[in-house]
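Following are the structures in question.
You will see two complexes here that share chain A, one where it goes with chain B and one where it goes with chain C.
Moving on, here comes the complex of A and B:
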């Protein structure tokens, strides 16, 4: 997952279909899509309490903004933990 | 998503796959939104048609979800842009 958000694939310019690179790009896209969808549904549960009106209230809007930021922070924190664990397992 | 490292032939195939996934994503979102709005808005089973109140709630629910989703999308894009440019903004 090293190239996530980083745009790792940059070299090579042949016109041939490279299934491996294609799969990598699609896996990356699926990962981001999945993250986004989970974020939408999590922040919906956390921030939207009522459906009596169609517009987002001021409070809900602020909640959503913070929710997205925090979701990202948790994503990074969990990633960091998994990375450390992964490195520890490799050393054994 | 950055697919610029791919050849034109690869990009064409990616576009095809992306379109298919977008459609799948739409259908999946549709299903989840129906479930969410049904659970939230429909609690009375003394009639088989939606009451005007329920109908209004469902309309609000769908509209609010779209506003919510757009807001998350905007914040998500900003967040990714921040991460990409390397200047992680941990504020808010």
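Moving on, here comes the complex of A and C:
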């Protein structure tokens, strides 16, 4: 890919920007996929105890709703704290 | 622009409509599985079962033949059918109450605990028995609740038994 960055200054900077955006998009995709997989695995291990029926019972579907909401909340809270820590360290 | 790309063959309006339809569908499904719907269904089913059961046992009921001896045949038949109908509705209401109370209590308890095991049935049965026997004093209500809880636990254990694999 590096061989493609030939051309003039403007085109190379736009290519670099596109590459950066592409990388960001790929990272975001990876993060979201990882979040989804971990959430599914965690909520399944916590909420579903019995595999005698194919459908989710009322208790299980309520549990999964709560599990997903809590997982998001924990993810957001931990991200917040990490960001605050990172900012605090940057200021020093 | 900052909007979601539209797949080929759809317009943005179509996407909006599809999203609204999906929302409606999810709402309908949620309301079907809600506690209120379960209560209503259980009550109606209980009413039906009580009515049919009373209809079947009404054919075996005996009464004093001297009671209606001065009426004609059609009048007698109409009276008897009307009485059967009344007792069907009465016993249907009783069964419907039992079904509705049990379904609502069990659904609420299961929604609160977010677990699916047998204790939901036991607690639901206990409260149903207690509510149904509330007029006969606290001790009888408690023992009635225990009995109903045991009955409900037995039925639920039967319904939740592990059936052999269908290999």
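The working rule: the second predicted complex is superposed on the first by the 75 of 92 C-alpha atoms of A that agree within 3 Å, B and C clash if a C-alpha of one lies under 4 Å from a C-alpha of the other, contacts with A are read in each partner's own complex, and residues count from 1 in each chain.
The working rule: a contact is a pair of C-beta atoms (placed from the backbone, for glycine too) under 8 Å apart; a residue touches a chain by one contact, two chains touch by 3 or more.
These numbers were taken from a predicted model, which means no experiment stands behind them.
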Inquiry  = After superposing on the shared chain, does chain C or chain B touch more chain A residues?
reply    = B
Task = Scan A:66 for contacts with chain B and chain C and give back first, second, both or neither.
result = both
Ask   = Does chain B (first) or chain C (second) touch A:58, or do both, or does neither?
value = second
Request  = Kindly classify A:26 by the partners it touches after superposition: chain B alone (first), chain C alone (second), both, or neither?
outcome  = first
Ask   = In the superposed arrangement, which partner chain does A:89 touch: chain B (first), chain C (second), both, or neither?
value = neither
Request  = Would you mind listing the overlap between the chain B footprint and the chain C footprint on chain A?
outcome  = 47, 52, 60-61, 66
Inquiry  = Give the list of chain A residues in touch with chain C in this complex.
reply    = 47, 49-50, 52, 57-63, 66
Request  = Sort out for me which residues of chain B touch chain A in the complex.
outcome  = 1-10, 13-14, 17-18, 21, 25, 28-29, 32, 36-37, 40-41, 57, 59-61, 63-65, 67-69, 71-73, 75-76, 79-80, 83-84, 90, 92
Task = Using the touch definition up top, name the residues of chain A that touch chain B in the complex.
result = 5-7, 9-18, 21-22, 25-26, 28-30, 32-33, 36-37, 39-41, 43-44, 47-48, 51-56, 60-61, 64-69, 72-73
Ask   = Along chain C, where are the residues that touch chain A in the complex?
value = 33, 35, 38, 107, 110-111, 113-117, 120, 160, 162-163
